[in-house]
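Read from first to last, the chains carry the letters A, B, C, D, E and F; within each, the first residue is number 1.
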Amino acid sequence: MPIIEMHMIEGRTVEQKQRVAAAVTAAVAESLDCSPETVRILITEHREHEFYVAGLSKPQRASLQEQGQ
Amino acid sequence: MPIIEMHMIEGRTVEQKQRVAAAVTAAVAESLDCSPETVRILITEHREHEFYVAGLSKPQRASLQEQGQ
Amino acid sequence: MPIIEMHMIEGRTVEQKQRVAAAVTAAVAESLDCSPETVRILITEHREHEFYVAGLSKPQRASLQEQGQ
Amino acid sequence: MPIIEMHMIEGRTVEQKQRVAAAVTAAVAESLDCSPETVRILITEHREHEFYVAGLSKPQRASLQEQGQ
Amino acid sequence: MPIIEMHMIEGRTVEQKQRVAAAVTAAVAESLDCSPETVRILITEHREHEFYVAGLSKPQRASLQEQGQ
Amino acid sequence: MPIIEMHMIEGRTVEQKQRVAAAVTAAVAESLDCSPETVRILITEHREHEFYVAGLSKPQRASLQEQGQ
């Protein structure tokens, strides 16, 4: 009964989310040898200023790059 | 000091959320014999295309059923 | 299709976990008017030094209190 | 930069976890058109009495079935 | 490779989120002696009626206090 | 009332966890201008084969490097 939470930056279309959910469900069911019916997926979208790598959001990194760092 | 995260599809009213938070807090406090003051609840709502069972969202399942599958 | 994650400090018995899962499922199903079959609960236990309030774990607070602070 | 949390009942081998992580990473990278390098996966295993459907754990459901219910 | 999820009530400015992400990244990298590049932070904002302490949201507690309770 | 979940690979000492919890609590309280008392931190440790970057765990990457890739 796997439960999968996916966090991603907002901006994907409904079609992309449906595609990734279908693909991940198939990957999990096959790899763990369980029924797709038991797989649940939750997607949480985060705005650009809610996702940080090395303490910087995507717009912050882009801005630094433009300035030649 | 239980912390509870609730994920649900969007569409519940504020009153429903207040009711479920009060009911779950009481259930946890009584079952675990702890003070309600120590119970924290976080609700995250997901849009219909952010919640998948067997790789399909609710609108996708409804659409399949309409088509007689 | 609510999914509920419960975080608590380790030490509860299997019976306590079964009781809190049953009570929370009933509370959610009644408050949100959904079938208990759709409710999934995940419990994650954390050791005492994995749970902090105000930057202190339970043993750290107990130790401070013993010292008369 | 997708981050994926997978919750499952304990009991899978290291090989199964490596296989599901590789398969899910490929599925996400292809579906969302992003580099596999940006995909992070966290697996959390839950013991049998930490995972409930309809308020019952797997051993509880098995026990009910044995009793002819 | 620490991954940090921060849940907070909505209302903070982009600047506040950037500041807390930078400060937490620095605190984690220094305390755990790892590169800031390996630290990822996800912020999830919750509306006022999605965050409960003792079964009450912030507006509910404010309303109770006004009534002299 | 920020709630912070920290995911990390197992192996840190109790002292390291206490230090990172204290440092993160201070960083959050100062950056968001809230009382440390309102900050809760949950640490979840993951074993080496429960944490994947680009579909590979740390031991898998080490093994690839030894083989000259």
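Note that in this section a contact is a pair of C-beta atoms (placed from the backbone, for glycine too) under 8 Å apart; a residue touches a chain by one contact, two chains touch by 3 or more.
Here the structure is a predicted model, which is why all the values come from computation and not from measurement.
**Student:** In terms of C-beta pairs in contact, which of B-F and C-D ranks higher?
**Tutor:** C-D
**Student:** Half is the threshold here, strictly exceeded: which of B-E, E-F or A-C has more than half of its contact pairs identical to D-F by residue number?
**Tutor:** Residue-number overlap above half with D-F among B-E, E-F or A-C: B-E.
**Student:** Would you kindly tell me how far, in whole Å, the mean C-alpha position of chain D lies from that of chain B?
**Tutor:** Distance between chain centres, rounded to whole Å: 19 Å.
**Student:** Where in chain D do residues touch two or more other chains at once?
**Tutor:** Residue numbers touching two or more other chains: 1, 3, 7, 24, 26, 40, 42, 44, 51, 53.
**Student:** For this entry, which pairs of chains touch?
**Tutor:** A-B, A-C, A-D, A-E, B-C, B-E, B-F, C-D, C-F, D-E, D-F, E-F
**Student:** Okay, in this complex, where on chain D does chain C touch?
**Tutor:** Checking each residue of chain D against chain C gives 7, 44, 46, 49-57, 60.
**Student:** Along chain E, where are the residues that touch chain D in the complex?
**Tutor:** Those residues of chain E that touch chain D are 1, 3, 40, 42.
**Student:** For a test of understanding, state which residues of chain F touch chain C in their complex under the given definition.
**Tutor:** Going by the criterion above, the answer is residues 14, 17-18, 21-22, 24-26, 36-37, 39-45.
**Student:** Under the definition above, what is the set of chain F residues touching chain E in their complex?
**Tutor:** Chain F reaches chain E through residues 1-9, 12, 16, 19-20, 23-24, 26-28, 30-32, 51, 53.
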